[in-house]
Amino acid sequence: MSQEMLYCAAGIALFGIGMFGVIVATHIIRKLIAVNIMGIAVFMVLLATARHGAVTDPIPHAMVLTGIVVAVAGTALCLWLALQIRLLGRGTKGEPPR
Amino acid sequence: MFLKLEFKENQATSGELSTTTRVLLAIAIVALGTSLIYAILSAGKAPPDLAAQVAEKLDLSGVGNPVTAVLLNFRSYDTLLEVAVLLVVAVAIMPPRLSSSAGKRFLFVNDTHNPHVPDPILLNLLKWLVPLAILLGGYLLWTGAYSPGGAFQAAAVIAGAGVALSLGGRHKFAWEISGVRLASSLGLLVFVTVAATNAFITGTTLQYPIDHASTLILLVETFTTVSIATILLLLFAQLKSLADPPGEMHQ
Amino acid sequence: MTLNKLLPLLIVLSALLPGLLIFCTGEQRLWLRRILNLGGNLSCLTLIALLLHGVYNSEVFETRLPLLPGMDLVLHADALSLLFVTLSGLLWFLTTLYAIGYLEATQNRSRFFGFFSLCVAATLGIALAGNLITFLIFYELLTLTTYPLVVHKGNAASLRAGRIYLTYTMTGGALLLAGVVWLKALAGPLDFTATGILAGMPHLDPGHLKVIFALIITGLGVKAALVPLHGWLPAAMAAPAPVSALLHAVAVVKAGAFGIIRVVYDVYGIEFARDLGLTIVLAGIAAFTIVYGSVRALFQDDLKRRLAFSTVSQVSYIALGTAIAGPIATIGGMVHLVHQGLMKITLFFCAGNLAETLGIHKVSEMNGVGRRMPLTMSAFTIAALGMIGLPPVAGFVSKWYLGAGALEVEAYWVLIILAASSVLNALYFLPVLHAAWFRPPNPTWVPKQSVMETPWLLLIPPVMTAALALATGVFAGVFSSPLSWAELIAAREYGQKLVHTIDLAAISLPQLGWLVITPLLLAVGLLIPSARRLCISIAPWAALPALLAALLSSPTSNTLPGVFFGSVLKLDQTSQVVLLLAASLWLITGVYGKGYLADHKHLRRYTLCYLLCMAGSFGLTLSQDLFGFISFFTLMSFAAYGLVVHSGTPEAMRAGKTYMQWVIIGEVLLFAALLGLSTSGGGNTLGDIEIGAQPLWVSWLLILGFGIKAGLLATHFWLPRAHPVAPVPASAILSGLMVKAGLIGWWRFLPLGEVSLVDAGLTLLSLGMCGAILAVIVGLTQNNPKTLLAYSTISQMGILASGVGAGLVEPKLWPALSSALLLYAVHHGLSKAALFLSVGLTPTSVDKPGLSGLFWGIILIPVLAMIGLPFTSGALAKTALKMSVAETTTLLQLLPLATIGTTLLMLRFVDLLRQTNRPATTISSGDRLQYLGYVILVLLVISVTYWIPQAEIFIEHTFSYSAVSNSLMLPAAGVLIFLVIRNYLAQTKPVPAGDAIVIIEKFCDRLKKAADNLQGSFKIDMNFPGKSVGRISTMLPGTRLEQRLLLQCQPGVVFIAIFVCLAFMIAFN
Amino acid sequence: MIIESMMDTLLAGGVILLACLSLSARQVFTSIVLYVCLGLLATLIWVRLNAWDVAIAEAAIGAGLTGALLLAAWRQLCFEPSDQTRESNGVS
Amino acid sequence: MIPLGSVNIVLPLLVGIPLLAAIATTVVDSRRWRAGISVTFASLQLLLIVLWLVTLQHTGADAAYRYVLGGWNSPLGINLVADGLAKVLLLITAVLVLVLSIYSAIYFTDPAKTTRFWPLWWLLVTGLNAAFIGADAFNIYVALEMIGLAAVALVGLAGTRTALTAALRYALVGLLGSLCYLLGVSLLYRTYGTLDLAQLATETQADPMTAASLCLISIGLLLKTALLPLHFWLPPAHASAPAPVSAALSALVVKVSFYLLMRFWLDVLTPATTELAMNLLGILGAGAIFWGCIAAFRAQRLKLVVAYSTVAQLGYMFLLFPLVAASHSPSSITGAAAAAVVYFIVAHALAKAAMFLAAGNIQMFNNHDTVDKLQGLARTQPLAVLTFAIAGVSLIGLPPSGGFIAKWLLLNVAIGNGVWWWAIVVLGGGLLAAAYIGRVLHVAFSHPVAQTIDTDNANAARHPPGGMVLCALALAACSILLGFNAEWILNLLDASVEPPIPGVGGMQ
């Protein structure tokens, strides 16, 4: 198995793990970690693809760079929302947030 | 999947699904993944990818680093939208109120009320680290044109410095909010302006005139770096200090 | 664009724009609103006048706006649309006047008048629509604009009405849409053309066209209130009076009716539709609607509801006229569009006036109202008389044309419908008029305030419409009357000149039909309060025509082409005998019943059922076609339910339930059987069907289906329950006559004498024989003489069934056997009826020995006949049977056994009768009637079998020595056995009536309980979240069911599942 | 070559292992830490894949900043703020 | 090189204008200014698009436009393309953006909210436009993320716990969906070495890799489109967002991912699709119609009714796939089925936006939107009820309305291709829709019960300003007007909706 294939396969495995995590985990931070793992998985496939040909292809690199920033942005937004919910939850001792 | 969202610390890693369901789920995912891997393995020879084209056109791009060329010239539209994505999150998270008592300091004020005594070693370290990080950021920005590095990396390093400063305990964030708004949208503004100017000069949006390409790209990169660094720092700051009652954030 | 191109659009806009403007006017700007309203009205009328002039001179008016590629919005004015446009415009004007008066000082008037105008705009659009798509658009628009009007009051009733209205019309709209799209896909743009679009497209599949027609007509039928779809109309009464007036007279129902005209004439083309066989169905539905609506109207006390059902009935005249498919009927239908509009709007205006001025909502409150409000009630009277169809009011013209049109195309049944409808109309309108004019007025009413009985705005419109209704009737022949227009239209639709003269002499009502119709007419008469007493008193004589026919008529045959796909009534030798039996039994039980049930509470109900049963039994005796037979059979079976449960006791109710269960099972079996017969035999009448060619399963179904009625063993369970609980005369009929219906069924439909069906025949034979014997055993244990008689019936019917079975096995036996069976059936019918009747007799005067002896004498005669002592009808019947089954030895050997059994049963019966102590009273007149009936019956028992032509060949044998000795020895043996077991019988506990079914019922009960328990544990919480006002689910605001689904089946899992599915399906390439 | 491919295999396996561990860790904090480790390991892989730009970005943003964000949020989410910190009006 | 004056410059401007508006509203500090800028930019955008389309009509230029960004041709650079489909969607977006901007300018009064709302709003619009004209698979990913995050942030703007929870759930769903999409795209890149959709369309074959990427892309987009079993996130998010946001979400945002699905299934990756899978989508769509309607009928809150109605209406759109599968038409993305669905999208967008705005007005007036407590609304808020009813008419598909034309086209395709069962679904769905609309109207028309005046509510309740009412009514009126002439939009689509030749197509 070539290096590129190996990382491709590993990427897909990671993707599966991440997806499982997203579905199964309940804690918001774990879910987000899982999402980020899925992101890393996709990046891995992309970067492995970049090594597909003879020369390293810069376009997947650019894509991954963009992807990383987007992932951080998404994570931050989710965390912020979770914090907001938590803040509101402190005020009202009621049903647990779902 | 998303019905139960927990925020408090809990021990269980998987609260809502029964073991059977989880096992079935795992089987399904493994099956999907296996077939995907099979599909990849069974794929034929490598397609003609774009590496050659990039190499060919690199000279026309105004930068030497192919990744930067792709990011800021060939596919600069993606980058433009990406900065906009960051702006989305920045705006979403941005504290709504103006900080009236912040003394018009842009980013940090000395946090004299902090009862925790900061670690002096850390403080000393920070004294060196922060300027160094900013310097490193500038270097990365500059060198991005020819070797690995660029706006994102530079911004990340600078933001990292800010994070470290805030973790040091002596300083806390104090946003002059209209300044932050300006800073976070500055990169985008410059980007759009350059794109529009390009349209006037070359007739095509985002097409750099070959002679000025490197200059313009550096310009865009610089302002983008400022914006991204601000936004990243803002994200951290907001997540870190959100628990403060809104009105008392800055005294 | 010239005026010709704009005018149709302008007409629609003349209603639409005022509507939109009115929305914007403030609530209090009375005069602005009035000016807008009336300005719109008048401009609309002016434009219509222009249009009328143009169309009469054959100018073309058409507005065409592009809508979709190949699909335009077309407004087109032709003669037909003008008829409707003129009506709408005119009535809009009057209704607006009325509404201004009616709604004075109420809330939300801007909304009301706005929607009112929009509604009229939609109606005008419907009228002017030049193709089906445009029609559809305005049709739906009408639905929407009328909804706010219906719910205008905002109270619970009107909201409910609105909901019902929407439900109906939306469903109808969806069906219509489906039909239109489909048709469009088949036939392209659907511009209305005078002789039909589809007629010119012979390549289309007629099957599709039929389905499309059904879809479209159902869709339109909702608004036209064709019967199963009419439910919204009575509910919509909750709307304010002007709305009801507009809804009923112009906008909604007429839109539906108009649509039907359009579709039949201009889309399908009348001749094409007739060739497809579509019109006859529509006509049937319309006819039914007419009758149904009228009947329902009879029972309404609420005036507006009565009028609503009247609308249901009357609007279908239009559909009927359309569907009869003759030019004259077309004229009738179209002219009724206008006439009904005028008359009905008058009625509603008047009803509104009554409600508004005096607070009268119910018919029962209308006593003497004519004196208080003479003008209103005069208008009401004119309109009501017009509805009934009295000349010279408008309604007469339409009815006349409808009738004439029906005759023209030889649809005689329409006449009956029209007649019935007229009678019914009279029945529900005349009492109102009677009360209004002839009863003393209610003193608590508000006295007249001024000269006017009510505000003038409320008074003028009804008076005007009434005058118009009268005028259109009187001056129907005048140029530009609605009638002339309708003639113009019809001429254009048929593309021909019209023939007005019809040879009325050529029409004759089929005479045999009268046998059936007489009891039916009396039954209808029972519904009329005033005629009730008379009808009840002459009810028994309804059988007289049948009796006369049976005695005097020569065998004839009549065909009624319009009924049941071509019904045939035929009187031949066999049916003459059965008819004789039936008629005499009905007459006698009727007379007897008059005595037996005198002063009974539910006499009317009883008589009704009695008459319906009678009609059914005559009908099935005469019917020679499948549908006629099954219909009359059903009528009889269902009506008999009323007889069974008449007494209302728990046993009666239980017996009725069992009876109904088995009737339904029987109906289902028979339906399947006759369907099979019809498909395999290639026809509907017995003349056409090859009975011998029927598949085996049909024979089995027939045996079972009719076996239920005939009390065949294993299907007999209802019989011993139902027969005893009915009143005595009804029991007599049930046992004497109705069970024979099963026999007649076998006779008609089994391939007797043609094909040998050994299996089926033997089964029938053995079931019959076993039944004959087992019923004796069970019967002997009974304490109740009527139950015993019921078992005796089972036993006797078993013998008959086994005879039929023998005939089925050996076809060559059948000619002789059929006579014998007929004889046996008549014998049994008469004797069993007599036995039942004897149970109800009062033994008078124990103190007078002579009379007592006489009493027991006449009671014993049917007993002896049953046993078959020499020279009785029983002896004749049994000898005949024995002779004709000579070759089937098994049957021959069992017959003596049956005779002994019968003897035992009869002896036990006499025993029971003697034990029953009844108080001796003086003979009342009722008793005299009973005795009269009974004695006549006994005389018939003695004599009838000897008159029957079929009996001739057997009579000699009956008097032979062997026969006589046989018929003496067997009963003698029976007497001996009875003497032995008599004491034992007296102590035996009776087998519960219905024998085996009791066990089954117990089992079923247990099963049901078990099922209930089971259900309890799986009970699903079907709480309706909409009801719980207080609880607002905030966290996951889905429905509860969804929450449950999601909590149990996580979205993540669903996600993966869908993923896997999708992957699988894509990989499946 | 062999060493290189062994290294690749190790890295790939390590990443998968860390992912599993991170998601199955009992404590959220452990999860976060493991995730940061995963990010760093991924950085190594990017280097192996000759993607230096990405590696820098991943180290700074993917592992570093995301980790910091997660940790900051974790502190806020999983601990009820005590009165003391409230009064002091600071966030430690 | 294309001269600047060419009409093509419109394509980048469609991204540039909202982006500039976003920057401007971020920087500017006054509420009034922000609103003013927004309305100006929205008008500008609409004007631009209308002028552009009119010019195109006149010059009769070719159907699909390509704009080569940066002068780099497609495999290397990114192109923008606007075909008929995109043009229609851009137009409807611009119209809605203008109306919703005006509405929002009145709706949002709290400065703290306007600071966030306007930039997010414009970034959302940027994303929408970018997604519609994007011709590059990865670029579309970025646009999708932008739309997703902006939409999440906008939902969260309502600030209630429900809204925030819904937003969080929505965000997670969005991320998951985007990542699936991205993996699919990277596999495509791996296989074909290009990200340009048009190039992909010419090169794709039915091999396992393509199938795998189709599968990944589809599942990601399905999740974002909220097809039936994956719809769980939609009702809470759409129901709890502020009114204009709800309107935009239901009218536009879910349409983006559907549009992409259409693109990928009918145009780009067609060889890999199977009839079976298309029918699966159709069946799920039918399920969505029925479930959505039932749930809408049972929902307790008005906005939830509308949100579930979106679920149902999305189901209709998925009928596209089986209809295409049944028609075996070679150019399925411009075929009659696609035209019907696009018309449906437009009609639904207008009607649903109007409905959400009406619901927002009602909520503002009553300070609650519990359906069962809305008695007498027809009297107090007649225009809102009228708007709701008119929009309902379009949703039910009654003539004359855009919804009617859309359903007509759908039925035409279904019956014309002999797949009458889909016709039954369409009609049945209409009836069910009538049920839930009718329920609301029923309550609205009923007499107000003797209300114990809820003091909390009474204080907070206020009459919605006239502008808001008019905005809603204008949209509703548009949805009706759409029913009067369908040709214009269909011409824009360059689609052939000619019905089958009479008597030949049909269900023979």
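A few comments on the model shown:
Chains: A, B, C, D and E, in written order; residue numbering restarts at 1 for each.
FYI, a contact is a pair of C-beta atoms (placed from the backbone, for glycine too) under 8 Å apart; a residue touches a chain by one contact, two chains touch by 3 or more.
The model shown is predicted, which means the values in this text are computed figures rather than measured ones.
If chain D is disregarded, contact among the remaining chains keeps them all in one piece. Common neighbours of chain A and chain E (chains touching each): B, C.
The greatest centre-to-centre gap from chain E, using C-alpha centroids, is found for C. Summarising the inter-chain contacts, the pair of chains with the most C-beta pairs in contact is C-E.
Measuring from the averaged C-alpha position of chain B to that of chain E gives a distance of 30 Å. Chain C and chain D, compared by their mean Cα positions, are separated by 80 Å. Chain centres here are Cα means. That of chain D falls 38 Å from that of chain E.
With centres defined as mean CA coordinates, chain D is found 16 Å away from chain B. Those residues of chain A in touch with two or more other chains are numbered 8-9, 13, 15, 18-20, 22-25, 27-28, 30-31, 49-50, 52, 56, 59, 61, 63, 65-66, 68-70, 72-74, 76-77, 79, 82-86, 89, 97-98.
Residue positions 76, 138, 142, 145, 149, 152-153, 156, 161, 165, 168, 172, 176, 187, 190, 208, 211-212, 232-233 of chain E each touch two or more of the other chains.
Residue positions of chain C touching 2 or more other chains, listed in rising order: 1035-1036, 1046, 1050-1053, 1055-1057, 1059, 1063, 1067.
The full set of touching chain pairs reads A-B, A-C, A-D, A-E, B-C, B-D, B-E, C-E. Taken in their complex, chain B has these residues touching chain D: 7-11, 13, 65, 67-68, 111, 113-116, 140, 147-150, 152-153, 156-157, 159-160, 163, 169, 172, 232, 235-236, 239-244, 248, 251. Chain E contributes residues 1-4, 9, 12, 15-16, 19-20, 22-23, 26-27, 29, 67-72, 75-78, 111-113, 115-116, 119-120, 123, 126-127, 130, 136, 138-139, 142-143, 145-146, 149-150, 152-153, 156, 165, 168-169, 172-173, 187, 190-194, 207-209, 211-212, 232-233 to its touches with chain B in the complex. Listed in rising order, the residues of chain D touching chain B in the complex are 23-28, 52-53, 55-57, 60-61, 64-65, 68-69, 72-73, 75-79, 81, 88-92.
Contact residues of chain B toward chain A in the complex are 1-7, 9-10, 12-17, 22, 25-26, 29-30, 32-33, 36-37, 40-41, 46-52, 54-55, 66-67, 69-71, 74-75, 78-79, 82, 85-86, 88-89, 92-93, 150, 152, 228, 232, 235, 238-239, 242-243.
Per the touch definition, chain C reaches chain A in the complex via residues 1035-1036, 1050, 1052-1053, 1055-1056.
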